[in-house]
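So, here's a batch of structures to check.
The same chain A turns up in both complexes below, where it pairs with chain B and then with chain C.
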Partner chain A sequence: MTRRRLPEWFVLLLPAIIVIAAVVLIPLLFSLYSSFTPYKLTRPSTLWKWVGTYNYEKILSDAKFWAAFGRTVLFLTIVLNLELLFGLGIALMMNKVTWGQRTLRTILMFPMMFSPILVGFQFKFIFNDNIGLVNNVLQSMGFNVALPWLVDAKLAMFSIMFAEIWMSTSVFAILILAGLFAMPRDPLEAAKVDGCTPWQSFRHITLPFLMPFIYIAMTIRSLDVARAYDIVQIMTGGGPARRTELLWTLMSRTGYVDARMGLANAMGYVSILLSILFTIYFFRKLSAARAELGMAG
Partner chain B sequence: MDRNQSHRNRRRVLKTLHFTALFLTMMIICIPGLWIVLNSFRPTVEIMAKPPVWVPSFTLDHYRAMFAGAGEGGVPVFSYFRNSLIVSVTSTLIAILIGMSGGYAFARYRFKGKNGYFVGLMLFRAVPGVALSLPLFIVFAKVGIIDTHFGLILAYVAMNVPFTIWLTDGFFRQIPKELHEAAEIDGCTRWQAFWQVEFPVARSGVASAAIFAFLTSWNEFALASQLTRSVGSKTMPVGLLDFTAEFTINWGGMCALAVLMIVPALILTFIVQKHLIAGLTFGGVKG
Partner chain C sequence: MTEVTLSKVVKKYGALQAVHGIDLDIKDGEFVVLVGPSGCGKSTTLRMIAGLEDISGGEVAIGGRVVNDLPPRERNISMVFQNYALYPHMTVRENLGFSLKIAKRPEQEIVKAVDEAAGILGLDELMDRKPAALSGGQRQRVAMGRAIVRHPDVFLFDEPLSNLDAKLRTQMRVEIKKLHQKVESTIIYVTHDQVEAMTLADRIVLMRDGHIVQVGTPLELFNKPVDTFVATFIGSPPMNLVDGVVQGDSIVLNGSVSVPLPVSAGKLTNGQAVKFGFRADNLMPIGHAVEEEGAAHEVDLSVTLTEPLGTETLLYTNMAGVEVQAKMFNPRPVAPGEQLHFRLTLDKCHVFDAKSGQAVRG
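Up next is the complex of A and B:
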C-alpha cells in the first residue's frame, strides 16, 4: 500500500482550516441555502420549500432595506475618514511631545480595551436626555435645554458616530505613531535645508512613509466594521422610527424578532459581501503600499 | 530684535495650541471611562438627581448588590465572570496554538496559491458576527452545543485564528531561516528547533496575538448573545443586559459590572503593552 504523505504546510494549516470550515463555512453554506427558502424559525418545515431568488428580489425592492444599506455605507465612510484624520492628528501631536509620552500612549490605548457593547452603554448613559453627563453639563452652564440626543434622528446618528469614533480612533493613532517612530530623520532634515515648508515636507515625505501604516490600520478596522452593530443595538436599537437603522440591526431584527430567517440570511449575505469588499480593497492597497516601500516579503 | 520677538511669540502660541489640543484629546478619551468608574460608586438617587449633584458621595452599594448573588435583585456576577474567564482563556490558548502552526506554515513554506489561502482566511474573519450568528445559532442548536462553554469556545477559536495567523506569520518571517537550520544541523528535529529556537524569538509576537485574541473573546457580544441562554454559560457582555428592564436601566449596577469587566483587560494589556504595538506593526508592515 502506498500512502501519499500530505505536504507539511498543509498539515500545519489543517487545524485552522478544519475549525474555520466547521464554525464559519458550514453555517454560511447553510445560510446561503436558507436564503433561498421562506425559512421561519417558528415553522421548521418551511426550510424545505425552495423559492429561488424571492428573498433577494424582496429585499432589493424594499425601500427600508436600501435606506439601511445607504445609511451603513454613509456611516462607514464618514466614520472611517474621521477616525483616520483624528488618528493622524493625534499621532502627529504625540510625536512632538517631549516628556510623558509613554503615559500618554498608554492612555491612548484605553478605548481599545472596551467592549463595543460597553461603549454603547457608556454613551447611552452619557447622552441620556434626562440624567446624561452632556445634558447635565449644558444645563449647569446655564443653557436651559434638554437635547434629545438619542431620540432626535440627526442627534442620534451623531451620538452613535461619536461613540464609534471614540472607540476606534486609537487604533489609527497608535499605528500611525508607530510609523512616525520608525521614520528615518535624514530626509526631513534634508528637506528643511532645501527650504521646504513644514506642509511640503509633511505632504511629500512624512505622509508617503506613513501610508503602509495607515493601510494596516484600515485593514484591521475593515475586518470588524460590524462591531458598530453592538453600539447601535444598545444605544438606539435602530430607532427612533428606524432613523438610525443600519444593515446589521435590520438583519438581526428580521431574524430574531420577526423570526424570518430566510429573509434575514439574504440580508446577511449582502452585509457579508460589503465587509468582504472593504477588506479586499484595503488588502490590495496594503500590498501596493508595501511593494512601493520595498517591504514586500 | 523685533523679528526675533515676533518669532518667539509665534512659537509660544503654537506651543500653547499644541498643549491645549493634546489636553482636550486626552480629556475626551478619559472622561467617558472615568465617568463609568465614578458612577459605580454613587448611590442611584444621586445618579438620577435633577438638578444634577456635582459633588459625588461614595457608596459600595452597587458592588455589594452585584456580589450578593441573584437573590436581592443582584446579578449572578461570579458565574458570568467565571464563564467569561473560562471561555476567553481556553479559546485564546487554542486559537494561539492553531494560529501559530498556520502562521508558521505561511512564513516558512512555499506552496501554490499561498496568497489566495491567506486572503481567503482573512475574509472569514471579516464576516460580521451578526450575520454569522443567525446560521450558527441554528447549526449549534441542531448539534446540541448551544448554551455551553464548548460552543462559545469553538466559535471564538474560529473567529480568532485568522488574525492570529496574520500576526504570527509576520513575526516568524522576521526570524532568519538560518536559525532553525543551524539548530537542525546540531541535531534538533524540526519540532524541537521550533520550540527551542524560533518560538522564544517570536514570543513577543505571540504575546500580542494572544492579547488581541483574548480581548476579542472577552468583549464579544453579537455571537455570545445568541449562543448563550442561561447563567451557566452567559458571559459578562451579555450579563450587562441584565441591568436593563423594559423602560429603566439600573445605571449604577451596570457601571459596577462594567468596571469589573474592564479591570482584567486593563491589567493584562498593561503587562504586555510594549509587545502589543510591536506586534501590530511588525506583523503588518513587514509581513
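Up next is the complex of A and C:
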C-alpha cells in the first residue's frame, strides 16, 4: 500500500489555513473578482459578466469619487493631527497631576467605551439646528442664531471631525501617557544640568523618546479612522447633497442603496490602497524612531 | 574661583528630614568626597548643589553666589549620574556636544571641544554609536566626557562607578584622579565605598543620617576618627572594638584581659565604660610585624581562621571573648587553633566612650 501522505507541517497548519481561507481569503478574492463585473445585488446573474477594468476606469474619471477621496484625505489629515496635538497636550498635563490621576485616567477612557453609533446619535442631537444643545446654548447666551451645523458643508465637516476627535483623542492620550510613564527621569535631569530650558528638554529629550509611541498611536488610528463609517453615516449620511460624502459613505451607498456591488468593491480596493499607504508611511516612521532610540533589532 | 559653600542646608521630604542643616566649605579646585552608608543623604545633598532638588532651608553658594533659587542651567555645573543618564536617541558625538549645542556655541568650537574630550577619554572609535551599543564602562566614559566638554566650574559625581565591575572600577578611579589633575576644577564626588573615598579625596566628608560626622583628609579620618562610627566605616578591615572598663592605668577588656591605657588617650575616669579600638595592622604576630618599636602590649591569642591575601594574611582571633582581626606580614601558613604571640601597638590604639561613642583623646 503506497498512500501519499501530506507533509506534517501542512497537516498541522491545515485548520488555520482553512479558517483563514474561509474568513478572509475567499471574501477578498470574491470582492476582487466582483470589482471586474457589473455585479448588481438585485440581479445576481450579472456576477458572471466580465467587464475588465470598466469599473476602475469609471471611478478614476468620476468627479464625485475624487471629491470624496480628497475630502477623506483632508478628514484623515486634520483628525489625526488634531488628535495627536490634543492627545499630547492631555498626556503632558496628566503626567503632571499628582492627585487623582488614576481616576482621571479612567475618565479619559470613557469615550472609547461608547459605541460609535451612540456617539454619532449623541452628536447629531448636540449639533441639531433646532433642538440641539449647541444652538440652544448660543441662543441662551444672546446670539440670535440657528447655525446649520449638520447642513452647511464646512460646519458639517467640522461637526463630524469634532465627534471623531472627541471619541478617539484618548487613544493618543493614553499611549503617549504610557510613553511618559516609561520615560527614564535621568536623561531629563541630565538635560537640565546641561543647560536646557523646560521647552528645550521637551523638544530634544522628551519628544524624541515619545516618537515611537506617537507613531504606534498614529498607525492604530489610521487603520481605525479608515473604518470610521458609523459616525458619519449616523450624523449626516454623507449628505446633505453629498457635502460630507467620504469614501465610506460613498461606497456603502453605491453598494447597498444603488445595489451596484461591483462598482462599490472597486472603490473599496482603491481606498484600501489609500489606507495601506498611510499605514506603511507611519510604520516606516515608527521603525525609524525606534532605530533612533537604539531599540531596533 | 569656585568654592562651594553650604550653610545650614536642610532638606525635608514632607515630614521626613533627609538632611539636617549641614555646613561645609569646599575650596576652589578641591576634590571632596561625600561618603556614608546608604540613605544618609549624600545624593540629596549633591542634588541640592546641582539644583535638581529644592533646598528646604539654609544656603548653597557656588563661587560666592547664592544659588538657592537658580535652575541648574544657571549654576555652571556638570553632573555624572550613577546610571549615566545618556540621551538614548543621540550618538556619542551628539551626547558629548549637546550642552554646547544648547548653549548655541559655534559649530567649530563644539567639534573641537568634543574631539578634545573624546581624546582624553579614548572615545574616538565610538563617536557614531548610540548608547545602547556601548558597554557599561564605555557609557561611563561618555557620561564623563559629557561633563568635561563644558568646562564647568564644579563637577558633581553621584556614585559614578558603582555599576562597574571591580577591575574597571579601579581603572576608572585612576582615570578620574588624572582627570582632576588635568582640569583642576572643583569636584564633589558621592560614593558609599570607603576605598574610593580614601583614594580619591583631598578631603572626605563622612555623613550619617543626614548629619556630617567628620570632615578631614583621608589620613585624618583614618588615624583620628571622632567616634566609633567613623572608626568602623573608614579602613578595611574595620577597626576592632572591644568593650572594656578603665581601671587605673589600664583597661580591663570584658572583665578578663587587661591592657595598658594608650598614651594618646585623653582624660578618663576610673570605672568609665569604654570601647577599646585598634586596627588589624596594629595587632601582629611577633616576627611578622611591620613596626617593632614604640609602646606595645604583648598577648597570646589563638587563631581561628586565616585569609591569605598574598603579601599579608588576615588572622581572625579571639580577644576577651570578642572576635578581632590581626594581620601577619611575610606570612607563613598558620593552622586554625594555633597559638601565636601577638604585639599590640599601643600608640595607635583608640579609646571611645562606651555610651556616646565619641573618641577620648588627649
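The rule we apply is simple: the second predicted complex is superposed on the first by the 274 of 297 C-alpha atoms of A that agree within 3 Å, B and C clash if a C-alpha of one lies under 4 Å from a C-alpha of the other, contacts with A are read in each partner's own complex, and residues count from 1 in each chain.
Rule of thumb we're sticking to: contacts are C-beta pairs under 8 Å (C-beta built on N, C-alpha and C of every residue); 3 or more make two chains touch, one makes a residue touch a chain.
Only a predicted model underlies this, so the values are computations on that prediction, with no experimental measurement involved.
Chemist: Overlaying the two complexes on chain A, which is it for chain B and chain C: clash or fit?
Modeler: fit
Chemist: Just checking: does A:P187 make contact with chain B only, chain C only, both, or neither of them? Give me first, second, both or neither.
Modeler: Touch partner of A:P187: chain C, not chain B.
Chemist: In the overlaid three-chain picture, which partner chain does A:G195 touch, first (chain B) or second (chain C), both, or neither?
Modeler: second
Chemist: Considering only C-alpha centres, what angle arises at chain A between the directions to chain B and chain C, nearest 10 degrees?
Modeler: Superposed on A, the angle at chain A reads 80 degrees.
Chemist: In this superposed model, does chain C or chain B come into contact with more residues of chain A?
Modeler: B
Chemist: Quick check on the superposed pair: does A:H204 touch chain B, chain C, both, or neither? Answer first, second, both or neither.
Modeler: second
Chemist: Quick check for you: in the superposed arrangement, does A:L223 touch first (chain B), second (chain C), both or neither?
Modeler: In the superposed model, A:L223 contacts chain B only, not chain C.
Chemist: In the superposed arrangement, does A:A22 touch chain B (first), chain C (second), both or neither?
Modeler: In the superposition, A:A22 contacts chain B only.
Chemist: Looking at the superposed set of three chains, what is the minimum CA distance between chain B and chain C in Å?
Modeler: Nearest C-alpha atoms of the two chains are 9 Å apart.
Chemist: Which residues of chain A are in contact with chain B in one complex and with chain C in the other?
Modeler: The answer is residues 295 of chain A.
Chemist: If you look only at chain A, which of its residues touch chain B in the complex?
Modeler: 7-10, 12-13, 15-16, 19-20, 22-28, 30-31, 34, 41, 89-90, 93-94, 96-97, 104-118, 121-126, 130-131, 133, 136, 139-140, 166, 170, 174-175, 178-179, 182, 212-213, 216, 219-220, 222-227, 229-230, 248, 251-252, 255-256, 261, 264-265, 268-269, 271-272, 275-276, 278-280, 283, 286, 290, 295, 297
Chemist: Provide the residue numbers of chain B that touch chain A in the complex, in ascending order.
Modeler: 18, 21-22, 25-26, 28-33, 35-36, 39, 47-52, 54, 97-99, 101-102, 104-106, 108-109, 111, 117, 119, 121-136, 138-139, 154-155, 157-159, 161-163, 165, 173, 215, 218-222, 226, 237, 240, 249, 251, 254-255, 258, 261-262, 265-266, 269-270, 273, 276-277, 280-281, 284-287
Chemist: Which stretch or stretches of chain A touch chain C in the complex?
Modeler: The touching residues are 184, 186-187, 189-197, 200, 204-205, 208-209, 292-295.
Chemist: Quick check: in the complex, which residue numbers of chain C touch chain A?
Modeler: For chain C paired with chain A, touching residues are 50-52, 71-73, 77-79, 81, 83-89, 98-99, 102-103, 130-133, 146, 150.
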